[in-house]
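Each chain gets a letter, A, B, C and D, in the order it is written, and its residues are counted from 1.
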Amino acid sequence: MNLKGLRKPVGPHSNCSHLARRLWDSRYVSDLEELRDRMRAFTLARDWEKFHDPKSLLLALVGEVGELSELFQWLPADQARELTQTDSLKTRVSEELSDVLLYLVRLADVMDIDLANAARRKMDLSESRFAAENFRGVAPEKK
Amino acid sequence: MNLKGLRKPVGPHSNCSHLARRLWDSRYVSDLEELRDRMRAFTLARDWEKFHDPKSLLLALVGEVGELSELFQWLPADQARELTQTDSLKTRVSEELSDVLLYLVRLADVMDIDLANAARRKMDLSESRFAAENFRGVAPEKK
Amino acid sequence: MNLKGLRKPVGPHSNCSHLARRLWDSRYVSDLEELRDRMRAFTLARDWEKFHDPKSLLLALVGEVGELSELFQWLPADQARELTQTDSLKTRVSEELSDVLLYLVRLADVMDIDLANAARRKMDLSESRFAAENFRGVAPEKK
Amino acid sequence: MNLKGLRKPVGPHSNCSHLARRLWDSRYVSDLEELRDRMRAFTLARDWEKFHDPKSLLLALVGEVGELSELFQWLPADQARELTQTDSLKTRVSEELSDVLLYLVRLADVMDIDLANAARRKMDLSESRFAAENFRGVAPEKK
């Protein structure tokens, strides 16, 4: 999906300027930018920037990964997905996944890293590094 | 930001239909949906779905959190941000943040969870749970 | 310290047999073997062996590492030690450290690994790999 | 097991003094104290105490837990044990388990916590909290 065109404003004086304006605005649909902005505002409003150095955020993220793990740890691996599709467990998994994401987004922001673009680049790398024809059905081994 | 308006198509017969069409398409700008779709296609093309049960994905995520931690572990906490702003370290941090994100996105997909919406709901919860006026400058304590 | 000699009983008919007996018993001083045996008996008594495959134990360990992290995450790094020396926090840190240790001991047992000997060998490796004269004051860099 | 008797030297002039000496030495059999002392000496010899604040040690531990996870992540859960019993994989698992243990031991030392005793107390707690008759075959649920 090429989004480049979308991200340039259309001439504001055309008859369609109202749509053009909304189109321009729509670049803000980015989930990750939206969450980044909310986390940033949330942090500022509470004067919590002082807590958000990278190592602290990383430990907070580890805490949330731990909570996520606790939801799955004793489930039989081949039924783990099914057994967590109940409303109550799915809600808890959603919340822990969200907590991990929110600290990740915040850590990227503190580091001044564009997380969506970084992830796109990483996908490009993985796609070329693990050529589908060579890795079909074979898990990549860690060096 | 209310995006509801953007997600409804504008009448296709207006003079501005070309813009309207692009506006409609723009709902797909969602980063997280884009990354989810790429991870899904990446997995399918390599026949790796069989590896992607929740517990395995979670351990893979833990592996990436570990790699991220290694980049920060011995840095003085109050200089950690600055010391990782060199091109080389920032690239490595970007890659590890991306790896964590991609496994998180994949885990959410396997669990059939809409990660962006889950994170929005979690932010709503946090905003009401930690009222700014009560938590100004005070880190939330874990029960 | 070579303990091999200690682990063989001394002839029981010598005049010193009372000491020899105590010497033989003393091989049980091993903390890690004691904890391993207690965890093994604890698991058996509850019929929990079925839950203790390596991946499940690893996720349980991750859960405990997460709880440990939550105790430290927002503390200023250079005061983290002091601020957790209160009775209440030190007790909680002790409990979380213990939980991590106990799952680690259990995982080693399930894997049929002698954890104390493995750790001694790893120390030997580190002592030769990081020669004191070359690494004085310099944190080892991850490749 | 009462070890107090063992920790007092037996009169050195008895005929059994060679055994008494070995018995006295055996109080050092405590694995965790031995590893703690070696890690402490290792750190001092390299002037690395300055790196060993709790948050840094915790991130180092997370790094090692990550490396351990990478060895298991894609293995089928019910074969994970067997598939890691090859010489090469078992050695790697041993090394990663050791790394986690060594950072844990070091963190406990920095915190001035007697890890073996803390773990014994935690086992006492778990044994009373999870009465065998109530938890037979049922994994404990996280609140």
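Heads up, the rule we're going with is that contacts are C-beta pairs under 8 Å (C-beta built on N, C-alpha and C of every residue); 3 or more make two chains touch, one makes a residue touch a chain.
Worth saying up front: this structure is predicted, and the values here are computed from it rather than measured.
For the pair chain A and chain B, chains touching both partners: C, D.
Annotation: C-D is the more contact-rich of the chain pairs B-C and C-D, by number of C-beta pairs in contact.
Homomeric contact chain A/chain D: same residue numbering on both sides for over half of the interface positions.
Chain centres here are Cα averages; for chain B and chain C they lie 36 Å apart. Centroids built from CA atoms put chain D at 1 Å from chain C. Chain contacts: chain A has residues 51, 53, 55-56, 58-59, 62-63, 65, 69-70, 72, 74, 77-78, 139, 142 touching two or more partner chains.
Residues 55-56, 58-59, 62, 70-71, 74, 76-78, 139, 142 of chain C are the ones that touch chain B when the two sit in their complex. For chain B in complex with chain A, the residues that touch the partner chain are 1, 3, 5-6, 10, 15-16, 19-20, 22-23, 25-35, 38-39, 42, 45-48, 50-51, 53-56, 58, 61-63, 65, 68-69, 72, 75, 77-78, 80-81, 84-85, 90, 93-95, 97-102, 104, 107-108, 110-113, 115-116, 118-123, 125-127, 130, 132, 135-137, 139, 142. Taken together, the chain B residues at the contact with chain D in this complex read 51, 53, 55-56, 59-60, 62-67, 69-70, 72-74, 77.
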